[in-house]
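What follows is a set of structures to go through.
Below are two complexes that have chain A in common, paired first with chain B and then with chain C.
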Partner chain A sequence: MIKTEDSIVHSVALEFTATPGPRFEAQGPWSGEEFRKRLLEPWFLDASSRGIKLVIDLDGGYGYAPSFLEEAFGGLARDCGVDKVLRTVAFKSDEEPLLCDRVAKYIRESAAMTA
Partner chain B sequence: MRGNYPVDPTANEVLRQSGFDEYFNEGAGPTPATRGQLVCEDRLDVDSKRAEARLAKKLIDFATNHQSVPSRLKCVYGHLVDCMTNTHEHASADAGTERWWASVFVDKERGCDCFTFIDLGVGIFQSIELNRRLKIMALFSITRPDIIRKIFRKEIPSSTGLSYRGRGLPSIYESLSLTHSISRLVIATNDVYGDVGPDRFVVLSKPLKGLLLYWEVNHDQD
Partner chain C sequence: MSGVVRWEISLGEIVLSLSTVGAAWYVGSALKRKQDRDMAVRDLVRFFCRESLQLLAALSDTFSAEFTRMNGGLDAAGVNNIKLALQRLSNSLHTINVSIGRGGIKESKALAEPGGSLKTLLDANEYLRIIILDPLADQTSRHQVNARRVEGAIRSTREAIVSLELGIVSRLE
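Up next is the complex of A and B:
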């Protein structure tokens, strides 16, 4: 974790796992659901209550299943609101620059339902 | 294990170097000639039919020789985990009752890593959720290869009814067609075989029970 006056940086690989798993806890260990409940939501609530940016560092691990990312960040948006999450959370990845846009897309599309 | 090695010398060599022998003789360790690794869910683990990220890691470690993971293999790691999850959720009527196997083979001659994922579940076309949609699609004369194409392109909604779900196969297709992280993608399920890149789909005379996905990652992308 790196703190500055206007942001706080958390690393998935260093603070959760380098080997992220599936979407739900019932599907296997190190799931997106577990990450969201145990770490991401508290980080988000802390950052938003202090009015600072929460920066999620996505580097350092083996990679991410799309379902992990969707459940973690899309799930956060479903719980806390798309706009609020997009205003508060930023992403960092030097290893996979396209990943940041993909996660932002998951957040934007998080509430959509099929017919 | 019973059976013979292939008579064809090339097939014989590939099989012997694939890690197949080491898989069935646990503890023997890989020989210097071993160029592959085979994993399946842990038979001693009661939760073994779940998605096991550590086994995806094992394959990636083999492909990278335990060095840092290049970005081309980071997407593969995610694909492997999603494949395991799909087997857990969709390969049988009751979630988590079908097993899966996954392997990597480092093909030095062609300069690529070859990943295979297989389960012997019901296959895409026999999954209960899709079956309902298939009946409707049959009315519009949509062929099975068309259905596979639509699944890869995310034109068929997730069976959960939630648009933010069902990203597994479309994300593998994106790695082939958009980001080019993988160079070849093959699928076989029930009576359909498809080489997805050249869009070459054929109907199998002998159906495969379950799902097989195969993809290649070129070494020169590093």
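Up next is the complex of A and C:
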């Protein structure tokens, strides 16, 4: 975790796992659901209550399954609101920059999944 | 008297002529610079389209080889090889995306819009990742990855790359 005055950076690989798993906890270890419940939601609530940016570092995680990312970040948006999540959360990936666009897309499209 | 032709040119006319020639030269060179710049961006996009096609072929080869080696299943090394091939393809497509977005060629917006060939390509790649990575992550179905479905998705992605390149080429004519 790296803290600055206006942002806090959390790493999925360093603080959760470098081998992310499936969508749901019932499907196997290191799931997107587990990540969201155990880490992402507390990180998000902490950052939004303090009015700072939450930066999620995706580097180091090897081969994120799309369902993992959708469940974690799309799920967060379904729980907390798309606009609020997009305003608060930013993503970083030097290893695979297209991942950041994909995660933002999952957040934007999360409302459609509940409709 | 033999005919004598007298030319009289005023200073104003000289200035007007020079400024017209100067303006024409400036506009012409600006257009040429813009054309050269657009051509360079299109060449760059085409280069990365070729690279993406090669990486897609490499992904197809890796996928087939790993499945053959493990007789339809996958071990950790095989999973890593496939993920690495997918990452390389993803990064090449990202470079195409960035080149079109930042290159500022006039068709950038149309390509990136829904139905545009860049958007179609990124969606095809997304589908490819879903049908490869999701079953790998879900260990209960690791050995049930449908190789024929993956080959179909690779073909769709290849066609999307070719469509994008053809779109760029047709605008050069």
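Everything below uses one rule, namely that the second predicted complex is superposed on the first by the 112 of 115 C-alpha atoms of A that agree within 3 Å, B and C clash if a C-alpha of one lies under 4 Å from a C-alpha of the other, contacts with A are read in each partner's own complex, and residues count from 1 in each chain.
Here is the rule we use: a contact is a pair of C-beta atoms (placed from the backbone, for glycine too) under 8 Å apart; a residue touches a chain by one contact, two chains touch by 3 or more.
Just so you know, these numbers come straight off a predicted model, no measurement behind them.
Model built by superposing both complexes on chain A: chain B and chain C clash.
Within the superposed three-chain model, A:Tyr106 lies in touch with chain B and out of touch with chain C [touch as defined at top].
In the superposition on chain A, A:Thr88 contacts neither chain B nor chain C. When the two structures are aligned on the shared chain, A:Gly21 is found in touch with chain B and with chain C. Of the two partner chains placed by the overlay, neither chain B nor chain C lies in contact with A:Ser11. In the superposition on chain A, contact is made by A:Ser67 with both chain B and chain C. Touch counts on chain A: comparing chain C and chain B, the chain ahead is B. Clashing C-alpha atoms with chain C appear in a single stretch of chain B, chosen from 8-16, 26-34 or 206-214: 206-214. Shared contact residues on chain A (touching chain B in one structure, chain C in the other): 20-23, 27-28, 62-68, 95-96, 98. In the complex of the two chains, the chain B residues touching chain A come out as 47, 50-54, 56-57, 60, 69, 71, 73-79, 81-82, 84-85, 88-89, 95, 157-158, 161-165, 167-168, 171, 179. By the touch criterion stated above, chain C contacts chain A in their complex at residues 79-80, 83, 86-87, 90-91, 93-94, 97, 122, 126, 129-130, 133-134, 136-140. On the side of chain A, the complex with chain B involves touching residues 17, 19-23, 26-30, 61-68, 70, 74, 95-96, 98, 106, 109-110, 112-115. Against chain C, in their complex, chain A makes its touches with residues 20-23, 27-28, 62-68, 95-99, 101-102.
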